[in-house]
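Structures for review follow.
Two complexes are shown next, each including subunit A; its partner changes from subunit B in the first to subunit C in the second.
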Partner chain A sequence: MKSRLKAKVFKPTAFSFPYLAVTLVFVIFPLILVLFYAFRGEDGSFTVDNFALVFTEVENLRQLGATIGIAALSTAICLIIAYPVAYVLASSPFNKMVILSLLFIIPMWINFMLRIFALQSLLSMLGMQKSYEAAVIGMVYDFFPYMLLPIYTVLVNMDKSYVEASRDLGANSVVTFLKVTLPLSVPGVISGISMMFMPIFSSYAITKMMGDANTTVIGAKIANLFENQNYGNYGYGSALSFVLLVIVIVVMLTGNFLSNRTMKAPKGGKVNE
Partner chain B sequence: MNDLNRIKPAETAATVNQTAKKSDNIIEVKGITKVFDGVTVLDDLSLGIKRGQFVTLLGPSGCGKTTLLRLIAGFETPTEGEIYIEGVPITSIPPFKRPVNTVFQKYALFPHLNVFKNVAFGLKLKKIPDENSKKGYRKFTKAEIAEKVNKALKLVGLEDYGHRDVNSLSGGQQQRVAIARAIVCEPKVLLLDEPLGALDLKMRKEMQIELKKMHEDLGITFIFVTHDQEEALTMSDMVVVINDGVIQQVARPKKIYDEPSNAFVADFIGESNILSGVMEKDYTINFFGRSLPCVDKGFEKNEKVDIVIRPEDIIICDGAGHGHFDGRVVSTVFKGTYYEMEVLTDEYEFTVQSQKEFSEGAIVSLEILPDSIHIMKKMLTINKYLGKVTGENCVEFAGGEFTVATDGYEAGDEVIVYVPFNAVELTDDEEDGVIGANVTQSLYRGSYYQVQVYTDDDIDFFIDTADEWDMDDRVGINIDGTKVTIERYDPEKEAQGEE
Partner chain C sequence: MNKTSSRVWLVARWAILIVVLIAIYLPLLMIVVYSFSSAKSVGGEFGTFTVALYGKLFDNKKLLDATLNTLIIGLISAFVATILGTTASVGIHYMRRNFRAAVEASSQITVVNAEIVTAMGFFLLMIFMRDFISLPVNFGMTWLIIAHIVITTPYVILTVSPRLKQLNPNLLEASMDLGAGPMRSLITVMLPQLAGAMVSGFALAFTLSLDDFVITNINTFGSNIDTISTFVYSGIRKKGIPIEIRALSTIIFVIVLTALIIYNVVKNKKAKEQKKSF
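Right after this comes the complex of A and B.
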């Protein structure tokens, strides 16, 4: 009886097999392809020329800088707008009004290309042509919920007694915010930043649709390398993609590390010794 | 204090003089009512707390004790009433300007700061009067802060823990940091909100002794909230028993135990046999048909009273006929240092504690000495409601219509309705009663249960019944109209009666 039961029940890890299969086919395999092309010369032999080209072409560095610039600018603007909104939504009179929070999430349910098309026509209706500024507006608009949600989640789950303890110890509202609420919400801010900065860093759709010729991002160049068959250079494009991927991973790991250092969740009465 | 005085100078000065004459109370709570979303948590509560005392607010969960503490700390604003600290009204003063500090239930240590920085948090913000400075105040220097923090950490026995991460500490250590963080600010009153609740039993006993010692060393007033009656009796100079937002008794621990002021306190503090009796005359009480000598006087002749007899005060001995009651032991449980036995007599099941064991089924006699019988006034002897005559033999009150003789009254007359406890009948099914209600309390009174229920309109009913009803049970209420009396309602007479 016992053994028959055992034979039927498979391990819980088995539930992850479908996902593993999808990952293998659509993530791992393409990555291997990217690596394959990156190290493959035009004649099909092994080469590191593609990587040499990535690091020697000055244009690449310039575009990389511009990409970081536009990603940082959009992220900063988004953070400045999202934090106060999250703070208000998480504070007591509003935090029970789910509808308010929903209002900020609903845009996420609409396909982002549609949103960009809508924003594009809205901006041109207002007389704003394709430009650097328009691209930044597009990014802020598009990624706002991704910045808002993590900050909101941290703030709404924060134990109210920290704020009370601070006020009890002589801090007024401003000092309490700066010394307690803000430091404790850093993990939310970091995850908001990484959820926005990373995708923008490698995106090109928004800049392509909203920006002008001056709005260059590295993603656009990679797309060009693959799309343009005459100019087309799979090897060079793959090498550039791979370098971009490594940069993103390094930045994300750093972010996680910083977040973990501040995130050590307090647990009252927990014995750790 | 400068801050406090600046806010309402005129009023403050007047009150200081007043209270200085009246008492040496550091905190004066006057007529505080607190309503949350339509629910009255504290009801017109007044309380004076003497300087330097260890005062415990004791009561079951939801009784309003924590709310009272939070009102003093400043995290809540009272719906009505005023709180004075050293004669200064403080309800309009924000918490960060009040001369009190709080030790929170779950410590609320700042997780992003280490032990030292947690304790130093309040000191860094503190402004100390300084005549040499242009602003009139200065901040503590780094050296001063370090000295004070280390002194506070030493006091709680965590001298070398300054650099430690608060999350790496055990529950007891976190507790100590929380206490150090509060006392380092040198508050006039230290508020402690169930601070030992999260600790295990052994740790809790240790902290009780340490807190008591700290109180003696510091000499400031402690206000301690707990639902643990043993903790309250062990630690306090004064115990304030609260139930349903109303103070039941304020007294020293010994007195609370020996002379509970009503059946609730007797039931809440320790084990007790609570009976109903009649005071025949001074020094003579009658219960279960026996007249026994007692030490109480000053009651009206034949006044109905509640009687408390502590289980350890009953003398139990072998065989029948040696005491006031004969009975049979129905259960015996060893409790470490004594045996607790249930003894069934013809009238009542007494709880008795004794060093000596009597086995189940043994025939015993129980003797009750005069000074073991504690007599309390009955809280209420009759239910009283304001009602209206709606027709012949029909009176509406407490949200329902009942059949009551209405000779001499006309429809529309306002009347006071007196409903004896035994005129009310509870039904299992809400539909079977005229009005629905919830059971809030069920106390065994010897030969019957006294049950308290409240209707959906928040009207209380006391009922004497043979059956036990469970807390929070939904019941229906029927009333035996023949036992109900009515009286013409006269607002002026009523107002006088209240005074």
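Right after this comes the complex of A and C.
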């Protein structure tokens, strides 16, 4: 009787409590700590000096701009290569060759540092020095499977009857691609971009391994500030991290907004029918 | 005319795939080839065929330790993340809509956040616990395992939740109404149906943990623990990457390749058998 009563009181939602506790302590609290240290001076008092330093040091703004630049460039190149590959893999007869598409994402399972080491070895063998271009190639190489996979998934699961309808109604393959396939694949493209653009901000390992001394991302600066184990740096690094957090939120909201807008488009089309 | 143009189109499509495949695999193949040479760098004079690097690999205690650490952290964190993520998914599944949306959003924080900020958060949490509340804790293997659990659990939730939505929502309650305790209901009713998704979740968590660099790098500043990623990274910054890393890369490459091909062959066979039985 007692155990039955207990079972009645227990709600299945309670299964998530351990996870909620972990999230609270190890995800949400650390973000509060970032803010706490960002507003904390070396002597422990409240201060806005850290933020002042972040925004007045020209070097920070330059690095932030450079990061956005290299992220945008690498993401664009990766998209230009990955989209045709995803398109071909999703088309017949290639969509029946499971092992073939698998070959494109296998590198995902090899440690990324070892892949970058392999790429860097090949480039230096071909006579390419550490440089900005090499770093961009490194980014494209590293993130390629993550860009390919979402686009491929959208294209391969797409309802082929839209394409057939477009062809039946007299559109040629180019028009069909531009007006039907491309718009329908936008969610996959956005998801691919978001798998690459923001993570590049933290990929200082690639810029260190492939790039020259001038090629860097903002993540490298934050990592340096903390590596030096100098207490005064924690506040500065935290303020910089907080700025990055704000950028993440802005980028994420933009992405959500864009994908919501494109998701609505086919529905509007249906009303016209 | 139409036939030749579709032929050209087919050749063009093959060409795209092959060029990209070469670009992907050429670096890896060069490493494999040069793992059988003692040349100082890849592309140097090959010399004689030798397995010396494989012998050297097993003498390099630091590199072996790094590999072992990578595996220990990966296996333990993926195991815990799978349990934590699966129970969380079940709990979230039965939440009211508003609360569920809030929890689901918060579970995505580490997924969308810049890794460096997440890494910093862990770092500051350790500093805070150590210096502010004087807990006897420090950076080390345990801390890395905890950090990896936290970052991989959301991916387990992302894998398990969709499967949960396909199940009969009344099963768990029926089991509890019939007198089974919550734990027993979870283990005997829910888990068998979620097993497939849990395996996928485990595999995903494990590979993400193996691949991680930023979280591990930042959270080993106060210790001398290395994983494969941080070992290679500190190699380029200090005295160079030892050449036996080529042997290690080759071994990992071969394991990954065989595992995935076997997995797919088995999966295809199963799919075919299922088709036959219908």
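Assume the second predicted complex is superposed on the first by the 234 of 273 C-alpha atoms of A that agree within 3 Å, B and C clash if a C-alpha of one lies under 4 Å from a C-alpha of the other, contacts with A are read in each partner's own complex, and residues count from 1 in each chain.
In the analysis below, contacts are C-beta pairs under 8 Å (C-beta built on N, C-alpha and C of every residue); 3 or more make two chains touch, one makes a residue touch a chain.
For clarity, every value in this text was computed on a predicted model and none was experimentally measured.
Asks: So in the superposed three-chain picture, is A:34 touching just subunit B, just subunit C, both, or none of them (first/second/both/neither)?
Replies: Touch partner of A:34: subunit C, not subunit B.
Asks: Does subunit B (first) or subunit C (second) touch A:135, or do both, or does neither?
Replies: neither
Asks: Could you look at A:184 and tell me whether it touches subunit B, subunit C, both or neither (first, second, both, neither)?
Replies: first
Asks: Considering only the touch criterion stated at the top, classify A:10 as touching first (subunit B), second (subunit C), both, or neither.
Replies: Touch partner of A:10: subunit C, not subunit B.
Asks: In the superposed arrangement, does A:172 touch subunit B (first), subunit C (second), both or neither?
Replies: first
Asks: Does subunit C touch more residues of subunit A than subunit B does, or is it the other way round?
Replies: C
Asks: Between subunit B (first) and subunit C (second), which, if any, makes contact with A:222: first, second, both or neither?
Replies: second
Asks: Tell me, which parts of subunit B touch subunit A in their complex?
Replies: Against subunit A, subunit B makes touches at 73-75, 94-97, 100-102, 104-112, 121-122, 125-126, 165-171, 174, 181-182, 185, 198-199.
Asks: Would you mind writing out the residues of subunit C in touch with subunit A in their complex?
Replies: Going through subunit C, the ones touching subunit A are 13, 16-17, 20-21, 23-24, 26-28, 30-31, 34, 41-43, 70, 84-85, 87-95, 103, 106-107, 109-110, 112-125, 127-128, 146-147, 149-150, 153, 157, 172-173, 176-177, 179-182, 186, 207, 210-211, 213-214, 217-218, 221-222, 228-229, 232-233, 236-237, 241, 245, 248-249, 252-253, 256-257, 260-261, 264, 268.
Asks: What residues on subunit A touch subunit B, complex-wise?
Replies: So the residues of subunit A touching subunit B come out as 159, 161-162, 164-172, 175, 179-180, 183-184, 262, 264-273.
Asks: Please output the residues of subunit A touching subunit C within their complex, sorted ascending.
Replies: Going through subunit A, the ones touching subunit C are 3-4, 6-8, 10-20, 22-23, 26-31, 33-34, 37, 81, 84-85, 88-89, 91, 94, 98-100, 102-104, 106-115, 117-119, 121-122, 124-126, 141, 144, 194, 198-199, 201-205, 208-209, 218-219, 222-223, 226-227, 229, 234, 237-238, 241, 244-245, 247-248, 252.
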